[in-house]
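Some structures are shown below for you to check.
Each of the two complexes below includes chain A, the first together with chain B, the second together with chain C.
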Partner chain A sequence: MSHMHHMRVGPVRFRVASHWAGPIAELRRLYADYPALSGEAATATARIEAARPWRRWVRPAVHIGGDYTIPDALPLPLSQGLLAAEMAMNLQVALGWRQHLLLHASSVERGGRAIIMVGASGSGKSTLAAQLGEGLGEGDWRLLGDEFAMLGLDDGQLSPFPRLISLKNEAIAAMERLVPAARLGPAITGTPKGTIRHLVPRADAIARMDERATPALLLFPTFGGEPGLRPVAPSEAFMRLTDSSTNYVALGEAGFAALTKLVRDVPAVAIGYASGEQGMAAVEALWADLRP
Partner chain B sequence: MPATQQKWLTASADRLSIVTLDALTAVYDRASGQTHLLAQPLPEILAALQSGPANAAQIAARLTADFDIADSADVPARVSECLGELLAMGLVSMR
Partner chain C sequence: MNAVNNLVAALRDPASVAALDGDGWSGLISVARAEVLLGTLAHRVADQALPPAVAALLNAARIAADQAQVHALWEAEMCARALAPLGVRFVLLKGTAYAAAGLPCAAGRQIGDLDILVPRDRLDEVEAALLGAGWEWVKDDPYDQAYYRQHMHELPPLIHGTRDRMIDVHHTILPLTARVAPDAAAMLADSSPLKGGGLYVLSPADMTIHCAAHLIADGDLAGGLRNLWDFHCLLSTFGDDAFWPALKQRAAHHQLWPATHRAARIAHHLFGTPIPLGWQGWHLSDRLFIRRLTARDGWGRETRPLTRLAFTIRAHMLRMPPLMLAKHLWAKWRTR
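Now for the complex of A and B:
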């Protein structure tokens, strides 16, 4: 493939290759502040390739490829090439990574301690983490990651994985008012999740991507849910986290040990909230109660 | 042999990793790679079998010795039921 970009995000060294220049140029621009790789082997290879040979030129459509593929995935139009690249990168990590327990979660850090936010798509976990990471809350939070929380198998520490944040629909306009255009990718319309626009995390999240954090709170947010708090028992947290992990089964006993330790050591709370402000206020209140 | 005399044994201790979470106990089975979440009294029955194979009445006796059980007359029947569940999970076997 003629177009390629290498970069490191947290512990993962990516090689992304494409038949087309466009998506790779976008990746280069958005990942410009991430460590570039030179001569080190990639740990994840993602490819954006033509769905059929002739579709490189005629109504270009892209397939997601790499070490791992989903055979039934529909091709995307080339205008969604950046989204395809991001999906391909996620897929390689979700299915191939074995050095950490992967939780489909967003996470933020303050004072070396982290909140892990777990929820289905639409729960608001990404937006909440993005808002805190942009400094919109009271505290000085650092975004650790938007897509995956990477839990150390031996020491239970959280490794930052500050990929681009994928803003969806209503979350886009709010962020466009706050951040310079240079930190935003193109608006990608007509995706299965509506309009998507990628946001480069704040500079501190990228510069400090090797500074790990100790999990201090497990949060299960529900946007639009009944406002309030509910403590979550360790066994319920365990069940929900096994569900949200992409590699729990593959890791075997190492995953079991890491996850049981996490839910026994770290308090878990479910919150419902109706607005970003309410969500951030709930997080700050919980955090204040946690302080040793 | 009548069903009530059937002896049961649990997987060897080094095959299972058992972690008490709260009212539920997580069990990882190294042989199958499966994780199970067990509610009372299943973890207690597994523990009672650690001291050797036993039939339902013997397990019930071990449990009533260790725990304060209000109506001990029902215990053997309930133990038999639970053994069926543990058998389905592959955590006990019949001798």
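Now for the complex of A and C:
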């Protein structure tokens, strides 16, 4: 195909191709600091193509595809091409990756130990992880990932997967004030989730993408929920995590073993918070109480 | 070489992957995924020296495929329990049969739906037993329901409410509207039980013929490379001096010798399948089938739209006479 970019994010080696130059140029800019594949094989191929041949020119519409695709997914307008590329890359991992247990979660690390944050879209897990990863909290946190937490099947270690962070709606303005424009993608308006703007993780998150971490805390945040803490039993944590995994069933016994080990070894807490500051303070307080 | 040829070469001769560079592997992986052959490829090249990232990917693919077979065999067991009170012989078909019988083509093979063959005169009982055991209709539309029952070789697809797995209940192996009418009763009668359970599979000849029928005499050959690999493995497993004449005679009995012969020629050409000397040779139209089977580019995308269109039209013509096709398309169009 005419335009393509390839890069490694954690253990995944991507190649992304498109008919159109625009989305690939944006990818190239935002992923400039990620390692190139330099002659290695890609293990995940994402394609963003015209939904119908003529839709390359007439009301251009982008189909999200690659090695894996969702046949009935609605195409996006070309103005949302970068979002389509990011969604296509996520799709390849969600449906094709079998080397780790995948949890739809954000995660941060400090001193080699990690917090895994799990919640539905809008729970605030991405924003909280982004704020911690930007150094807005007290501690020196490193962002491991915004989309997927990759749990090792043999050793239970968390592999960083520091993709671009997709900021939504209110979270955008807060971050625009803090980070240089070079780290932000274009504002993409009119998506099903409102306005989206991608953020390149801080340099340390990219440079240290091969340094794994030991899970230390499972967090179920709810932004706008009643402030407070609630311990979550391993059984409930297990059920919620099976729900948030895209490959738990496919992995069979290996996935079950990894997940039961995680919920037995690591405490789980649900928190409600009304503001970013409150959320970060709750995380710091929980972290201070953890046995090292 | 292009990616799809690399896939054929890797399956035929696993050592051929030594020549691949990074781009070659990228294309091979995409095409293998598109043809649902990644697990098969992973098993084939397991002993080769591979780039580390590729080795890790294929190792995971192998484990995932093995796990998927556990799921598929469990589904067969669930079906056996649901049908046990009826005392009806049901025969496993396709992927689940290969896995249950421990055949070489099962290694790494992806298995989608559970396909079974039952006697046509017991179809109503089987249907009732499955509905009673938690399976549900996928298509509620009255036209689809009536269409399947009058014209197809299987019940409308059923899906299990909690396990989310589909079952296709066949009473023969080709649509009733097809020009070719295989002898399903003979297939059932000659099926044989597997060790350690009440599961049956087709006889070696019938299993091979069904594979060829599925590839050549039904459908538009989309994903056909995987069927052809099954066929190659079945011939390589069963092929001996007694098998070849028996296969030909049996295929003729089912009116499927032309399809079986064509599949054998194509498998011989692409995968080097050993077949009798007298079966070799080349029909001009075989080239078209190979063009269709290898219609993918290095991004895993389908290519050769005209060839594919021709095979889509052929599939419809195989399935039903033109007037009936027109009525069917009209009914489908009206209810869009």
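By our rule, the second predicted complex is superposed on the first by the 291 of 292 C-alpha atoms of A that agree within 3 Å, B and C clash if a C-alpha of one lies under 4 Å from a C-alpha of the other, contacts with A are read in each partner's own complex, and residues count from 1 in each chain.
Please note the rule applied: a residue touches a chain if its C-beta (ideal position, glycine included) is under 8 Å from a C-beta of that chain, and two chains touch if they have at least 3 such contacts.
These figures come from a predicted structure and were not determined experimentally.
A.B. asks: What is the contact status of A:A17 with respect to chain B (first) and chain C (second): first, second, both, or neither?
C.D. replies: A:A17 sits against chain C, while chain B stays out of touch.
A.B. asks: By the touch definition at the top of the document, which applies to A:M239: first (chain B), second (chain C), both, or neither?
C.D. replies: In the superposition, A:M239 touches chain B alone.
A.B. asks: Just checking: does A:D140 make contact with chain B only, chain C only, both, or neither of them? Give me first, second, both or neither.
C.D. replies: A:D140 sits against neither chain B nor chain C.
A.B. asks: Go through the superposed model and pick first if A:E226 touches only chain B, second if only chain C, both, or neither.
C.D. replies: neither
A.B. asks: Identify which of chain B and chain C touches the larger number of residues of chain A.
C.D. replies: After superposition, C is the partner touching more of chain A.
A.B. asks: Please indicate which partner A:R98 is in contact with in the superposed arrangement: first for chain B, second for chain C, both, or neither.
C.D. replies: A:R98 sits against chain C, while chain B stays out of touch.
A.B. asks: May I ask you to decide whether A:R47 touches chain B, chain C, both, or neither, giving the answer as first, second, both or neither?
C.D. replies: The answer is second: A:R47 touches chain C but not chain B.
A.B. asks: For A:V263 in the superposed arrangement: first (chain B), second (chain C), both or neither?
C.D. replies: A:V263 contacts chain B only, not chain C.
A.B. asks: For A:E253, decide between first (touching chain B), second (touching chain C), both and neither.
C.D. replies: both
A.B. asks: Identify the residues of chain A that lie in both the chain B contact region and the chain C contact region.
C.D. replies: 252-253
A.B. asks: Give every residue of chain A touching chain B within the complex, in rising order.
C.D. replies: Chain A residues touching chain B: 233-235, 238-239, 242, 249, 252-253, 256-257, 260, 263-264.
A.B. asks: Considering only the defined contacts, which chain C positions touch chain A in the complex?
C.D. replies: 21-26, 29-30, 33-34, 51, 53-54, 56-57, 60-61, 63-64, 67-68, 70-71, 299-301
A.B. asks: Quick check on the complex: what are the chain B residues that touch chain A?
C.D. replies: For chain B paired with chain A, touching residues are 17, 19, 21-24, 26, 28, 30, 33, 35, 37.
A.B. asks: Tell me, which parts of chain A touch chain C in their complex?
C.D. replies: Within the complex, chain A touches chain C at residues 1, 11, 13, 15, 17, 37, 39-43, 45, 47, 66-68, 96-99, 250-254.
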